[in-house]
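Across the two complexes that follow, chain A remains constant while its partner is chain B and subsequently chain C.
So, the complex of A and B:
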């Protein structure tokens, strides 16, 4: 998917994370801030990159502020931000396809 | 992915607790409370501009979190909104046990949802007929049409009244005696029993008024409700305690059922147990008491 507009998903509440995504031209630029950076930073990064790859996002600036979210929440927020950036988050989503 | 067993249309549903599907902190450990059913909410708890985000969150929760024996129902947005069709797709794709239809007013509303559910089951390769339905009656029209709603589909397992919206329509407010909703609750109960589905009462929203809450739950049980909608984990235990049968009721039910089975084997229809006449009409109720007792850990026999 091609990132078309700036988009945000998620909150700064405990167990959640906020994902901001912006269109850029030269690959993936990822910035992560987390309340559990030392323990889980690597895992969070892996989950974010894996989700972007599954959605075939190759160019994007992604800024994450994590408040101790589970993997399933990280996926949900990244996916939501990507689909919002394309204006396609409201209907006919590929549940069980690209989203899994 | 967590495979969930095929949903049971009739199971114990004393407590059905609402949870905002948009809040990861809530839904990640909803199963630890020992509630019979959780109702993940896509409707009123989710702000209008977060409906999309709530679906992503719901989908991954359904696919990832092991809810064990807790039933997982999703409350979808009303049929007068642009959200309900995608809500149904995500519920079915995620494998929710059932869908709660908000603001249901007619059998046609149930059929409209059923059609979309069946389409989604085919789209996502889910067994057709797996996803159960329940309806929330929130308006005078919904209450007047309660029977046709209850009987509209073999997927229907129950109906619930939604006090907030109903009182708004009726221009009343909650009363200690429950008189404001007495007729509506009664009519819905009669309709549910006539159609052979379960019936659930509305939420009690004043968390500080423990006495009021307990009184309402006791009245629910006396009126014949199967369970109650809840908004907070601290409401679960009192509901389970009040809905549990007494030891005396369990002992009596056990005596009746075993005496009935013996009498039946001998070709006897009516008989007495401890001086009380018992016939076949008493048995379904006694069996239900034993099933409830088993679920509450009060009965370990093998009659049910």
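So, the complex of A and C:
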């Protein structure tokens, strides 16, 4: 998917994360801050990259502020931000396809 | 060298006869030589010991660089006294090379972090270490490793002369002109002054700081004038709103209540649950709620509690007033109901930290405890508990009376949710061992109960009462399946804190954390 506009998903509540996504031209630029960085930083990075790959996002600046969210939450927030950035979050979401 | 809980203790710390932790009751029967303070004689009658300022008091007792200052934490997060005294000593008198030996330090003492960064405060000995002090010590900025002790380990270390207090500062809600102190009757009341008692007896010099001067004699005194050199009257010793909360309320959270109910069921299944039993509980959500369900179990069985100890709050005072518990003995008060009850409600007494929990004296209250209900930041599959370091390796807690009550009691129950946010409370290896697994008997979580295999007798009790339980390993696996397996923390070699077992051996060390950078 091609990131078209700036979009945000999620909150800064405990056990949630906020994902901000912006269009850029030259690959994936990822910035993560997390309250559980020392134990889960690498896993958060892997989950975000996997999710972007599954959605075929190849160019995006992604900023994550994590407050100890579980993997399922991280995936959902990243997916939502990507679909919002393309204006496709309101209907016909590919449940069972790109969205698992 | 590896100790009895499998922690690697650097040889460089094992000097002057210091040993690694060998298991509980290792020091039983050994003799110790008690230290004695060098105190000044006041033979000529004094009308008053009141001086004009903290600086004058420090001058009067000969405060110098390199001295050890002691403080107690009854004013909790409302305390102004540590900061006032340190400011006077460092900024007005220009002292440095200072050791702070406090019963606990918290967010109220954030300004002290700057004195650590400036190299003026070079050593910290405490139970609690939180807020900015925890952060700068974790970052390796204190010149020497902080020494962390339990509430019972501290009076032991003072009596053994391992901590020599040059100047003890007593934050007193009321004092008379010669230094008889009480925790009530003023405007910043805290109730018990139990942690200050050993300090006042063993310090070379004692300064009382109060914001409410009362007529002589202020009786019954918690800290007595016979040990006091100088009295300072200040505008305010603390913020009453942060010293004692309004009544500690019992949690309405259904998860807390479910765990609390299971705690009470476990207690009721043991042979120690009989008329006259003894009990301590923490003030955390599920621990405090255990009071409620315990009362129901007591009514069902038609029995009463003999006595309760601890940090005390309203719900326990309520049980005392209802006649459900015979006596409450108290080292610290957490809410106004408890503050207003100590030494007032018949059967509600004050005790010193040594009388509460010291493993080296001849009969601390913890040794007579049947049950203690405690919380945990982490507990591992060896039943070792961490209440000191966060899962990220930063100092932000306090052993407090946890290791003392766990070791002394017949049945120690840890109650904690299985996970907190993404943190697995039940884990493979705790970051820091503050209470060794051989002192912990039962774990109650929201996903099940586990009994320490060292206690087959308790396993049988639960089985006979039909209380389901699982292995602690299965709880740990459940936790990791929910939140993912955490990466191991990475450490530098530098030791930033030494965690002393209550008997004075070394239980664990905290090293400087190497933060993960992606």
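Annotations
Following the convention adopted for this analysis, the second predicted complex is superposed on the first by the 100 of 100 C-alpha atoms of A that agree within 3 Å, B and C clash if a C-alpha of one lies under 4 Å from a C-alpha of the other, contacts with A are read in each partner's own complex, and residues count from 1 in each chain.
FYI, contacts are C-beta pairs under 8 Å (C-beta built on N, C-alpha and C of every residue); 3 or more make two chains touch, one makes a residue touch a chain.
A quick note: this is a predicted structure, and the numbers were derived from the prediction, not measured.
Of the two partner chains, neither chain B nor chain C is touched by A:28. Once the two complexes are overlaid on the shared chain, A:89 sits against chain B while remaining clear of chain C. Of the two partner chains, chain B and chain C are each touched by A:15.
In the superposed model, B is the one of chain B and chain C that contacts more residues of chain A.
Of the two partner chains placed around the shared chain by superposition, neither chain B nor chain C is touched by A:1. By the touch criterion stated above, A:71 is placed in contact with chain B and with chain C alike. Of the two partner chains, chain B is the only one touched by A:79; chain C is not. Of the two partner chains, chain C is the only one touched by A:42; chain B is not. By the touch criterion defined above, A:98 lies against neither chain B nor chain C after alignment on the C-alpha atoms of chain A. Residue overlap on chain A between the chain B contacts of one complex and the chain C contacts of the other covers 14-15, 69-71.
On chain B, the positions that touch chain A within their shared complex are 23-25, 28, 51-53, 55-57, 59-61, 63-65, 82, 85-86, 89-90, 93-94, 124. Chain A meets chain C in the complex at residues 14-15, 30, 32, 35-43, 45, 67-71. Against chain B, the residues of chain A that register as touching in their complex are 9-10, 13-16, 69-73, 75-77, 79-80, 83-84, 89-93, 95-96, 99-100. Considering their complex, residues 391-393, 421-423, 482-484, 486-487, 489-490, 513, 515-516, 518 of chain C touch chain A.
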